[in-house]
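Here chain A shows up in two complexes: once beside chain B, once beside chain C.
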Partner chain A sequence: MAIKVLKPGLATTVQDLGRPGYYHIGIPLSGGMDRHALVAANLLVGNEEGAAVLEAVFMGPELEFTEDATVAITGAQLPPKLDGEPRETWTSFKVKRGQVLSFDFLKQGARGYIAIAGGIDVPVVLGSRSTYALGALGGFKGRKLEAGDELPVGKAAASVKDGRVVANDLRGLPTAMPTELRVMPGLYWHRITEAAGNDFFADTWKVAPEADRIGYRFKGGKALQFVPREPPFGAGSDPSNITDACYPYGSIQVPGGTEPIVLHRDAVSGGGYFMVGTVISADMDLIGQLQPNTPVRFVKVGMDQALAARKSRAELLGKLRNALT
Partner chain B sequence: MTTQQIFSPLPGIFYRRPAPDKPAYKNDGDVVADSDTIGLIEVMKSFNEVKAGTTGKILRFLAENEEAVMAGQPIAEIDV
Partner chain C sequence: MQTRFSFGGDEHIFAEVGEAMSLEAFFKSLFITNAVRDAKIKGVTEICPANASYQVKFDPDQIKPDDLLAELKRLDTASEKSEPVIKTRIIEIPVLYNDPWTHETLMRFRERHQNPNGTDLEYAAQINGLDSVDAFIKAHSSAPWFVSMVGFVAGLPFLYQMVERQRQIQAPKYLRPRTDTPKLTIGHGGCFSCIYSVRGAGGYQMFGITPMPIYDPNQKISYLRDFMCLFRPGDIVKWKPIDRSAYDAAVADVDAGRFAPVIRDVSFSLTEFNRDIDAYNRKLDGVLHGH
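After this line comes the complex of A and B, so read on.
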């Protein structure tokens, strides 16, 4: 069975849980930016948790089904329509052969996950079906979808039910306003003054329109002031530059000291910008659901809080599994 | 004559001009055709054209140049 792409949306890509293990040689993790929502979509349609789905950002695609199927859309409030009739998000529903799945305007969040029973069956590249568009690797021909593409779909599990729903408290979406992203200061934190460090956590930032799968850029906070230094070999004279180093997933670089960028699933793995710290793993999914101009605060945490948050996120996933399997 | 609204398909920054030194695509009172571009939405380092999607006369723009807009936000009113 196949799905015909009538309209691709803005940047719809095939994603699974990603491609860990190659970041040290420059190939990023890739995979869904909101992994919790991706897993939920798969479980709703009876797939393995890490089956390949479509990640649609800000705008849904228009898809024609060539066979009967069961689908579920999770993540952002990107209201699905089947032959123009509204359907619910976070709920599995049947699609008949020849029907067209389209979407209304985005209401909330940023990325919708479209799971189809059987999963999107593109070739596995380095252990994953995820698209890394910048490297033309994986996914559907290494790129975002285009009109006219035909997506292969795998065989659905025998017992796929429609009308299954993920309860509100298991969706793991951001609730606080402004959204709070917990950060462990570190890496090159010593490069900025104490006052600048306090401002970084006190200011309210806004998601910049440039934010994408590579990195989420924020603006609107005060520029960081640097501690004077003698530039080390290879760092150059800009105080925000360092001798080239590895960039962790979730690390926050601040080129020129002005606009922090949180590196996400398709990030480059190294370079010469200093980093003030790292967004904790438990909050990385939330970033994937931030629209441009959303107000955000960075909240300082230590290792104990980061580990507790990771445990609580894992427990949420456990409850989701229990509810759906 | 009925009034219709043109909605932003995306969240981002709305521009009424193709480039800072160019005139606006359309102005209040202009007649537009279905496939005419009335503005751009900047998001994820790309500029996406907003089409009129209908034929008629623009009554007025509801969003300012360089305004941050949400998906589904009305950006112009059009008499069809």
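After this line comes the complex of A and C, so read on.
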């Protein structure tokens, strides 16, 4: 069975849970930016948790089905329509052969996950079907979808029910306004003054238009002041430069001290900008659902709080599994 | 050299071996990351050496962050007592310096450069106190370079020149980054050279181009069938200046699947290297050419 791409959307890519193990040669994890929503979509249609789905950002694609199928859309409020008739998000539903799945305008969030029973069956590259567009690797021909593409779909599990729903409290979406992203200060935190450090956590930032799978840029807070230094050999003369180093996922670099960038699933693996800390693993999914202009606050936490948050995120996933399997 | 450790969130430990770039800091970060890999620590998912630092990614559900930190500190201390020797490879990379493709690109972005009236090579020769482009090419290609980091994007090597600091080539990045760089451009920024593995934006000075692909996600290139990235941190690179006809012949050989890169296994001793750098580099050259 296959799916014909009539319209590709803005930047729709094939993603699963990613490709660990190659970051040391510059190939990032990739995979769904909102992993919780990706897993939910798969469980709704009876797939393995890490089956390949479509990740659509801001705008959905238009897809024609060549066979009957069961699908579910999770993540952003990107309202699906089947032959023009509205359908619910976070709910599995049947699609008949020849029907067209399209989407209404985005209501909330940023990324929708479109799971099809059987999973998108593109080749596995280095252990994953995820698209890494910068390296033209994985996914469908290493790139975002284009009109005319035909996506292969795997064989669905025997019993796939429609009308299954994920309850509101199991969706794991950002709720607070401004959105709070918890950060462990560290890495090159010592490069900025104490006052700049206080401002960084006190200011309200906004998601900048430059926000994609590589990283999210933020603006609107005060510029960071640096502790003076003699530039080390190999670092470069700007106070925000370091001798090129690895970048953790979720790390917050601030080129020139002005606009923080949080690296995400398609992170560049290293470079020459200092970092003030790292967004904790439990809050990475939330970033994937932020639209440009969304107000955000960075909240300072320590390791114990980060591990507690990670535990509670894992418990939410556990409840989701219990509800759907 | 006292390593500075920091948690990068709940999934990474970042270790800065040296704030400044040096062969010693690079060598130590490579040595320790090799030891971490050999230790097969449960819960460690990524081990990434960099120029003068390294990073370990882990799953805190499998190993407590403080336990991993203690283990890394132990390996850091143990490394000081070990003989600084690694087994690695030396790879010859043919380079057409002053090629037409990077030349076209650098002219297109001239207003973003420190010297709008010359070329990147002329500028680099001048600021490094060399009296001609030919002298610069000789300085760039006569000593080998360490692959001190692979990354930024897939398969891109950062290279550190294996000479004393006062002889090292240095050049600033462009004033404003370009939006285009030809694939396989030999670039240079700060004290690092690089090879652009894919076409794209870039800020390094452009010196030449290699006919030899170093990244192939489709794994069609004969010597990249086993793995799509050529370079690993710790590889040693020797540039081989070639002319246009040799470049064209190499491109044809790559396309026909008969290009065989010159790659030799070698053991590198930092102590012996530091004792007599030029003699050691001549010895490495001998390994490369089988004498």
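FYI, the second predicted complex is superposed on the first by the 325 of 325 C-alpha atoms of A that agree within 3 Å, B and C clash if a C-alpha of one lies under 4 Å from a C-alpha of the other, contacts with A are read in each partner's own complex, and residues count from 1 in each chain.
Please note the rule applied: contacts are C-beta pairs under 8 Å (C-beta built on N, C-alpha and C of every residue); 3 or more make two chains touch, one makes a residue touch a chain.
It should be emphasised that the depicted structure is a prediction, and the values quoted were computed from it without experimental measurement.
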item	value
First (chain B), second (chain C), both or neither touched by A:Gln99	neither
Chain B versus chain C as contact partner of A:Lys107, first or second or both or neither	first
Touch count on chain A, higher of chain B and chain C	C
Touched partner set for A:Thr278, first chain B, second chain C, both or neither	second
Touched partner set for A:Thr91, first chain B, second chain C, both or neither	neither
First, second, both or neither for A:Ala235, with chain B first and chain C second	second
Partner chain(s) touched by A:Val57 [first = chain B, second = chain C, both, neither]	first
Partner chain(s) touched by A:Cys246 [first = chain B, second = chain C, both, neither]	second
Residues of chain A contacting chain B in one complex and chain C in the other	none
Of all residues in chain B, those that touch chain A in their complex	7, 9-13, 42-46, 48, 68, 70-72
Residues of chain C defined as touching chain A within the complex	6-12, 14, 16, 18-22, 33, 45-55, 57, 60-61, 65, 149-156, 158, 165, 172-173, 190-192, 197-198, 200, 215, 217, 228-229, 231-233
Chain A to chain B touching residues, read off their complex	10-11, 57-59, 104-107, 110, 209-212, 291-293
Chain C-touching residues of chain A, taken from the complex the two chains share	20-21, 23-27, 125-126, 132, 134-138, 142, 184, 186-187, 189, 232-237, 242-246, 248-251, 268-272, 275, 277-282, 303, 306-307, 310, 314
